[in-house]
Amino acid sequence: MSLPPGTLFLLASALLFAIGTHGLVTCRHLLRKVLALNVATTGVFLLLVTLGRSGTTVDPVPHAMVLTGIVVALSTTAVALGLIVRLERRRP
Amino acid sequence: MTVFYLAGALFLLGNVAVALARVLRGPTAADRMLSGELMGTTAVAVLLLLYGATGIEALLDVALVFAILAAMAVVTFVRRTWPEDPVDDNGGETP
Amino acid sequence: MDLPSTAVLVVVLVTLPLAAATLLFASGRQPRTLTLAAALLLTVAALALGWNVHIEGVSVHRIGGWAAPLGIHWQVTPSGTVMLLATALVGLAGAVYGAGYFLHRAGPEGRMARVFMPLWLFAWGGLNALFVAADLFNLYVALEVMTLASVALVALSARRMALQAAMRYLLAGLFGSVIYLLGVALLYGQYGVLDFDALATMLDPDDPGSRAGAVALTVGLLAKAAIFPLHFWLPGAHGRAEPPVSALLSGLVVAAAFYLMLRLWFGPLAGMLNFGAGTLLGVLGAGALLWGGVLALLQRRLKMLVAYSTVSQFGFAMLVFPLAVSGNRAPVLAGGTLLLANHALAKAALFLAAGTLVRASGSERIGQLVGFSGRARWAWLAVILASAALIGLPPTLGFSAKWLLLQAAVTEGAWWWLAVMLGGTLLTFAYLGRLLELALLDAAPGPSPPPVLTPALLAPALLLALLACVTGLWAFDFELDGKALARLEPGS
Amino acid sequence: MIMMAGTVLIVLGLLFFLSGTVGLLRFPDVFTRLHALSKADTLALGLVCAGLALHADDGALQLKLLLIWLLVIVSGATCSSLIARAALAHGIRPWQR
Amino acid sequence: MHPVEVTFDALLLFSMVVLAWQGVHARNMFRAVVSFMMFGLLTAVAWVRLEAPDIALAEASLGAGLTGALLLATLGRLGPERRGPRRRRAMKLSMLPWLALGLVGTTVLLAVTLSLPAPGLGEAVLAAMPAAGVDSPVTAVLLNFRAWDTLLEIGVMLLAVIALWSLGQDVLASTSRLPAPALPALVRVLFPLFVLSTFYLLWRGGHGPGGAFPAGALLAAGLVLALLAGARVPERMRGAPLRWAVGGGLFAFLIVAVGGMWAAGAFFAYPPQHASILIAIVEIAAGLSIGVMLTALFLGGEPTEVRRGRT
């Protein structure tokens, strides 16, 4: 195995980011857009943590950043879902 | 021994990857939910085996959380997504 | 004079809004006195901070006593202080206006009144946290506070149009956040630091990781600042929101995202601002200037005109980047900051006055607005003064800002950018002139009996517009093109 | 010896997981699939837990493993019945030969 | 790395990517949501593989548990997706340039990320740990070195609650008939366990993976489950008490932060001899408050105060 460590995770994070941003731009349904956004965010989180691992010690700072990011993502997702439901109910 | 655990985890992962076909095929929402259940149980088993491989005790906590939350999705599903007698709720809007 | 130390003032500025908002939310009532007292206190703190910075210059504060790169720093810079001051003035004006605008305690207006103040204070706190932050990830969280508060404020009226605008705004904002976060991850992967100063000393402008990171940060902020071609969400969100909300959003929230770009490109990323990057950003700005200006000319609704004007004005602000490529950057940064402050005051005044005029006329259409009569004349006066500031007539703050930028363009021989700036100013003149002409020469009688316009609906806009006009006289004095701003570039 | 037994239990558990998946894929309707899956899975997880408990030598860990298994039994059984009821209520008829 | 590990990672990440794609583009919306939830489950396993058990815990409880429930609840309140047939064909044709762009973008991103040296702050954190007041490095970063981020983040959560509540009343108010007595029975068994594990995780936070976020998420999961099983927000709790429970975490955090200004001379500084206890207080307050806030997010609106005289 000659791959540098973390290659697979970096590849997955890049793919997830691409799938997410692509979905965000092309999908029409709002719920799909929200899901796509979460996928892209997960891609960035994976990148952060993978990078935090390549040093000599495990770097806890990216871990903390991702924990914060997960909570922020959940909060914004909840607001987005609430808006979607309200919008659906007011469809003319 | 570590390799045995890892191989077991890999086996489970492959198993679940095959079971994904049921999510795609459906046909009913209940079938899809069911494969979700399988995924949950398998994830618990995978975590346990990974614990065996690495010895990180926190993984047992993760498995515990998974096991506790397994019911969450199904209960929401039968109560909210697919309720038996959909009531006419006003969408929580201010009247 | 013996003022509290800068550290205490910063803590007041960032924590008081959050604490007051939590109190207001938890109490579930709407004690106007509490809100207004908090707003007043925040304004006084911002003024005191301005004085301190004027005396002491840049200062750095360690949160929790931890030094960077481990801990987070606050950095109080002159440009940040200017933004803090603008935020305080607009915040106070908006709070007073809001108290007068959502009068009824029952029905949908009562609900709006109950929610407006906590959200307003949250947005204020997020903005203050942003203007003192000097840490890439801390900025991300502060940006999210600001964005989420703004989205909730846009959705305040819960009408379908407002909800749609809020949703679109939320998605655009989160799209910006994800890309910004990607930039943070890339830069952290390259250098292992998040602190601005540390980043500035370590930055290697030629390395692909830093370049990709800089691009991602910039694209994320462009989406949040609604710079052409990522401006699509702005007119709806600003045009459909309630008037005090539009004032906050157009005046400050967009400006905050733009200010971060200034902060980054004149701070840690300064080494990367070469001809290519500057020109690209400048071209985007020119596009925004033209597109927003032309669309503003075509609008029939008052608030939509003002909203498109924001797109155009931020295009103007983008021109600081090509002007700063070579030569002395301090005056360009000063010009850019003053431009943002001028825009904040004038645009907020314009939106507040527009809200009053719409209420007085019972219609949003420009052709049906009431004329220069009765109490509405005070609102028109605010519109006229704010227009003068936006166009940049002397002696307004807008004039000082544009003068600094023009000087930079002349000394650098950047004749093309000079032409764009003049064209943009003419365009601004055109659409604001059209508004005044249509409305004043062709005034409608308005509904009868005319709605009551309380001083709370008139004074804030007028005062903001006046401030935008008179502070220009004093801006040159404020060492803005001199020593204080030369210290603005951390690490240089 | 005990290690060996643990290993055997784990392998058995894995096989039961496999059988559950086969059932999920091959059985004709949602009720039969439920039947196959819930039993096989619960048993399989129990076997894996038991195997690991034999490998572990710490009482607290064994207790935690037991707790995990119990949780999966309780929630698995309830959830299966909930899904089945929901499917019935929505007019999905059980498969008949 | 052993080949089995590499194969495991490859299969795991491949499944994640497939599920992510399904989660965004699956034809049926329900299928998309279920795929996304499974994606969350696998993400938690991926965190384990990346030696980040803290994140795995948070992902398992927040990401996979509550987000999934939130999505399913939302789905139940949306009508069927409307999409004209014309549009679908157009989408397929327009896929090609996107695909090319995506491939190029992914490759560039991968090439850049592979080139990153990633020095990190691991050493700096290790060096500062003795003065941190807790044993777990991640908790130290969250509640001490970068506590200001965490405070703002709790602010984001409170803001989300205010935003959602400003849109209207709670959506759980209307409940359909309870399916089977199995559900309340299940909840009666599980609820004490939820509370127990909440405190277990809070206690763990000082030493190892755990802490306020997963603990709060578990508490929220228990409360949401109880609500789904037919429990109501108690009358006495509605209005101000509930609001205080929601806002209390941020308030406690602010008090400790400003108190540091007065007691230790800097915003958010903990006096060394009291650091552990202060962090514990913040952690418990934050954990409980997060639990209530997440439940409030799930409620989707403010529980209305029922006037006396009505049942």
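Every chain is named by a letter (A, B, C, D and E) in the order it is written, and numbering of its residues begins at 1.
Definition applied: a contact is a pair of C-beta atoms (placed from the backbone, for glycine too) under 8 Å apart; a residue touches a chain by one contact, two chains touch by 3 or more.
Note that the structure is a prediction, hence the values are computed from the model and not measured.
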Problem - D-E or B-E - the one linked by more C-beta pairs in contact - result: B-E
Exercise for the section: Please indicate which chain is farthest from chain B, where distance is taken between mean Cα coordinates of the chains. Expected result: C
Problem - From chain E, the most remote chain by mean C-alpha position - result: C
Practice task
Averaged over CA atoms, how far is the centre of chain B from the centre of chain C? Could you give it in whole Å?
Solution key: 46
Handout entry: Inter-chain centre distance, chain A versus chain B - centres from mean C-alpha coordinates, in Å
Key = 20
Exercise for the section: Please report how many Å separate the Cα centroid of chain C from that of chain D, as a whole number. Expected result: 58
Practice task
Indicate the whole-number Å distance between the mean C-alpha point of chain C and the mean C-alpha point of chain E.
Solution key: 31
Problem - Contacts with two or more other chains, residues of chain B listed in rising order - result: 16, 33, 35, 57, 64, 68, 71, 75, 77-78, 82, 84-85, 91-94
Exercise for the section: Spell out, as numbers or ranges, the residues of chain D touching 2 or more other chains. Expected result: 71, 75, 78, 82, 85-86, 89
Exercise for the section: Send over the residues of chain A in touch with two or more other chains. Expected result: 17, 20, 47, 51, 55, 59, 61-62, 65, 68, 72, 75-76, 79, 83-86, 89
Problem - chain E-facing residues of chain C, complex - result: 7-8, 10-11, 15, 18-19, 22-23, 25-28, 61-66, 69-72, 111, 115, 118-119, 122, 125-126, 129, 137-138, 141-142, 144-145, 148-149, 151-152, 155-156, 158, 186, 188-193, 208-209, 212
Problem - Touching residues on chain D, where the partner in the complex is chain B - result: 7, 10-11, 13-14, 17-18, 20-21, 24-25, 30, 33-34, 37-38, 41-42, 44-45, 48-49, 52, 55, 61, 64-65, 67-68, 71-72, 75-76, 78-80, 82-83, 85-87, 89-90, 92
Problem - Complex contacts: residues of chain E adjacent to chain D - result: 179-180, 182-183, 185-186, 189-190, 193
Exercise for the section: Flag every residue of chain E that touches chain C in the complex, lowest number first. Expected result: 108-109, 111-113, 115-121, 124-125, 128, 144-149, 152-153, 155-156, 158-160, 162-163, 165-168, 239-240, 243-244, 246-248, 250-251, 254, 257-258, 260-261, 264-270
Handout entry: Complex contact set, residues of chain B against chain E
Key = 2-3, 6-7, 9-10, 13-14, 16-17, 20, 23-24, 26, 29, 32-33, 35-36, 39-40, 43, 46-47, 50, 56-59, 61-62, 64-66, 68-69, 71-73, 75-94
